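Note sheet for the following structure.
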Amino acid sequence: MSSPPPKPAPPPRRAFTAPLLRRESIGESYHVLSFDLPKGLIAQAGQFVMVHGQEWGQAPLLPRPMSLLTSGTAPSLLIKVVGEGTRRLARANPGERFQLLGPLGRGWRPLSPGKRALLVAGGVGVAPLLYLARELVAQGRRPVVVYGGRSAQDLPLDDELARVAELHVTTEDGSRGRRGRVLVALEELLTSDVEVYTCGPERMMAAVAERCREAGVPCEVSLETPMACGYGVCLGCAFKTTEGGYAYACVEGPCVTAERVDFTQHAAVGKAQGVAP
Amino acid sequence: MSALGVEVGGLALKNPVLTASGTFGYGLEYDDFFDVAELGGICTKGLSLEPRLGNPPVRVCETPSGMLNAIGLANVGVERFCVDKLPVLRARGVTVIANIFASSVEGFVAITERLEAEAGVHAVELNVSCPNVTHGGIEFGRDPKLAAQVTAAVRRATRRPVWVKMSPEAGDLAAVARACEDAGADALTAINTIRGMAIDPETRSVRLANRTGGFSGPALRPVALRIVWDLVSAVKIPVVAIGGIGTARDALEFLLAGASAVQVGTASFVDPLAAKKVVEGLARYCEAQGVSVRELIGGVRSP
Amino acid sequence: MSALGVEVGGLALKNPVLTASGTFGYGLEYDDFFDVAELGGICTKGLSLEPRLGNPPVRVCETPSGMLNAIGLANVGVERFCVDKLPVLRARGVTVIANIFASSVEGFVAITERLEAEAGVHAVELNVSCPNVTHGGIEFGRDPKLAAQVTAAVRRATRRPVWVKMSPEAGDLAAVARACEDAGADALTAINTIRGMAIDPETRSVRLANRTGGFSGPALRPVALRIVWDLVSAVKIPVVAIGGIGTARDALEFLLAGASAVQVGTASFVDPLAAKKVVEGLARYCEAQGVSVRELIGGVRSP
Amino acid sequence: MSSPPPKPAPPPRRAFTAPLLRRESIGESYHVLSFDLPKGLIAQAGQFVMVHGQEWGQAPLLPRPMSLLTSGTAPSLLIKVVGEGTRRLARANPGERFQLLGPLGRGWRPLSPGKRALLVAGGVGVAPLLYLARELVAQGRRPVVVYGGRSAQDLPLDDELARVAELHVTTEDGSRGRRGRVLVALEELLTSDVEVYTCGPERMMAAVAERCREAGVPCEVSLETPMACGYGVCLGCAFKTTEGGYAYACVEGPCVTAERVDFTQHAAVGKAQGVAP
């Protein structure tokens, strides 16, 4: 496995306040929120923001980490409702003001020359991968995507994805695409000329990473550890590394090479996602 | 001295707003946000003699208007702090309070001695009250005799002001406070987190890998305020207040109760500019009311 | 026993949901809302030998996700309770825990003896932990010897179960707990409020006339949960949990941590039907999961 | 002073949840909120409700006591913004759900036969008095009202009041009506055939009560003590009585005869009002 090209330096981080521009709901559970940010938020695919409602007061207290779906003057997020913070985001009305801190962390590493990108998304994990897919298409490097969910309802933005990628869908209940988990579709796509990027439930990513290791294919994962600050000071977002110690997902990640992550130890599970491996 | 300037046990601060240990990294993470030299000072993440990895995840979770953390004092160690971090802070003119932690009196002294070799440390804050480590955290802060021993030993090892950070879990906090005062502490800081816990009813498991964690944030503020108020009347040395402070209004509560300065903690997670905004809010308040911060200290009225 | 039934130190409860002393009056204020006999039980407002007027106002104020109170144990006195309130509760089949309070061991015994003359009291809960009175509140709960004395004396004065309500401010709570257990307590209840304070920066005055008050509500929950968890492993007698419980999810946290029953406090102020809703929520949870409450008690998993 | 007729028994209390029907803002500080309650809330003039937003979560924690402006199937409240809870009420959008607990406490005592009602309102204290005025008009007993505020902006619903009462306005800055406080207008109206009802800042009510005592005129005040529960269990709403002990404003009040209130001791000040005596 040749070492992939290094990541470019991330753009500067800012604390923005911005009104909600639009909320588009995809069923009850998924919502795309875009914000009105004339100054523009410059980011890289795979980076995230910490978002906090100015109306929330002191509960929910902490901002919530959310991958950027798009950046620019109307940056957007894909929200899955799992608890109080995401519920509030899902009910926000245009005009309501939010604090956005970002862009944070390190995005996806660049695709190596001559390689094809294989993206493996689980449920709401699609957000940073759709960002990546659009960027790859802009570079003329249309990716292949495997997108899995429990059922047809757990595949938000699948239409957007189909527009920019060769899309393979799996659902556990067979209500859409192939029945089963993402691994069933991955098998035949895991050729030696691909590099894998994955985001979704931790157990899914662990299984994908393991298959990539076996296949000798580079794999980049996006970690969803609980986070308090998002910018490297609380040390709450630790994940166990294969080197033995801990690394911090908000500054060294969320996108890291799967080889660094000790998934056997990694208890910092993002339970927010709808798909098991 | 400007309207915002205060003095804490011999140390002049340009304003009474510091950042709390463990909630502001080493002060070098804010380059994109603001110049931390504008603050009264920063307390570093707790430094140990050797680097520490900290506890396994999950390390943080949210609670109503608060949070729990069980970081386990992960830090780069005093050596790397002196080599990598301190020179930058010094060059920028940041007032640095080194928060230190050890599992023995000798450990506290060894860290202090290492820091003594460096310029740019303005005070040493002894964390004798961390709830998240198995050895040598909180027991020093619970027992007046142990607290006094640590204080006296560090006192002998440095010319700098020594601040002792109080555990809210001491049975008789006033006794611990007086013991530290008698042993030569220049100021007390209060409070550290209180131990708390959370369970996820969905998975029926504890939320933090360490089971318990330190409780902080706005929820803690009323308890912190009462403890600071108690301490102010228990000792003659200044008290620096910590606990749920995130706005100028919050800071005023503690200054009025008698604190000589405040530390902004968890609030920095919500907004990296929180401490700077507290300074600005206090400046506006003092200007509008025609008072200096020094006149406000201890100025609370009873109804 | 139904899926919800529990047993607390010899007392069978139809479900594990009680209401906390001082937050549910005498149980007679709910006629317009629901039949309080549906609850596992109610703890009365703290009863003293003589009626008490309580503290001057302001007595309550809100804090982030919590509140402070300095009621000062205003109550009608044990005599009027026995004459005016108890007969109604008895007629309705309400399980009544009499919460009592005195400034001396003899006082505790005298109230217990007065109650002993009446049918319809199912247990006596000793408040040795009130932060809001000058004499004989919290000091009993801080000192293992005093706590044991009170417990033993009341134990001798009644055939009924004796519950002792723990102060979160004891330095060594496990020692107090074990002392009460050894002195014959049938159960421990925890926690009472923690002392807190609030200042209004506008008027620069303390918000409560009593200066400090007891801190309660959801904000307190993580600390209460940790203390309950500590107590469960410190003693063999059952622990009844209190502190920020307002939903079935909250109750589950404490049951999973090992509490045998829970008390709903401040949440009743937010919604008079809160305790009833906790019962209903637990019933739904047990039904959906196919478990009984008894199987849940202490069932928390480590990660 | 003959003893006035006794108060009728209050209607039963209920915990309702209801969506906001309409919010009408009167400047930045004052807002009339009405709720959609098909079942109807039956109440007496002077009674109040405890109101809590179902979206508020755990902060603001406690419900807020608010006098009823009207009852029935669209009960309404007049809100003055003073802190976090009233700020949230002032920003609520139609459809947002609230818990209303009520009707609570004791309303105004009935006007004695042969007497005329003189209502003295300060700022937002107008709400329970406008309710009373409308009721008196329905009984053919049009009241006289003195309405005071700091300035013309602090006289919400003055137009409504003018429709049902002989209105005398005072403002401290003279921007409307007579310059000064309500006492200046009260003087000439305080004849022996009136009974006074007052609600407003505590110092205003204390001054009005004192003048009524001197004039030998009955005076009923509506107290605004801080409250946690609103229905008699927390004992937080104590006010000092002239008999020596404490009484509880949420069950024995908020409307009580001024003679019972020891204003010299009464620290339970409602700071929410915009008018000093």
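Which chain is which? They are A, B, C and D, in the order written, and residues in each are numbered from 1.
Rule of thumb we're sticking to: contacts are C-beta pairs under 8 Å (C-beta built on N, C-alpha and C of every residue); 3 or more make two chains touch, one makes a residue touch a chain.
This is a predicted model, so every value here is computed, not measured.
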Chain labels contacting chain A and also chain C: B, D
Between chain D and chain C, distance of the C-alpha-averaged centres to the nearest whole Å: 35
Inter-chain centre distance, chain B versus chain C - centres from mean C-alpha coordinates, in Å: 34
Centre-of-Cα separation between chain D and chain A, whole angstrom: 53
Contacts with two or more other chains, residues of chain C listed in rising order: 58, 64-66, 203, 209, 217-219, 303
Multi-chain contact sites of chain A, meaning residues that touch two or more partners: 58-60, 267
Pairwise touch network: line, ring, star, complete, or other: complete
Parts of chain D lying in touch with chain B, wherever the complex brings them together: 58-59, 267
Contact set on chain C toward chain A in their complex: 64-65, 303
Residue ranges of chain C in contact with chain B within the complex: 58, 63-66, 68, 142, 169-172, 194-199, 201, 203-206, 209, 211-212, 215, 217-223, 225-226, 229, 244, 249, 252-253, 256-257, 285, 299-303
Footprint of chain B on chain A - complex, ascending: 12-15, 52, 58-63, 99, 101, 225-229, 231-240, 245-246, 265-269, 271
Residue numbers on chain A that touch chain D, as the complex places them: 55, 57-60, 84, 88, 91, 93
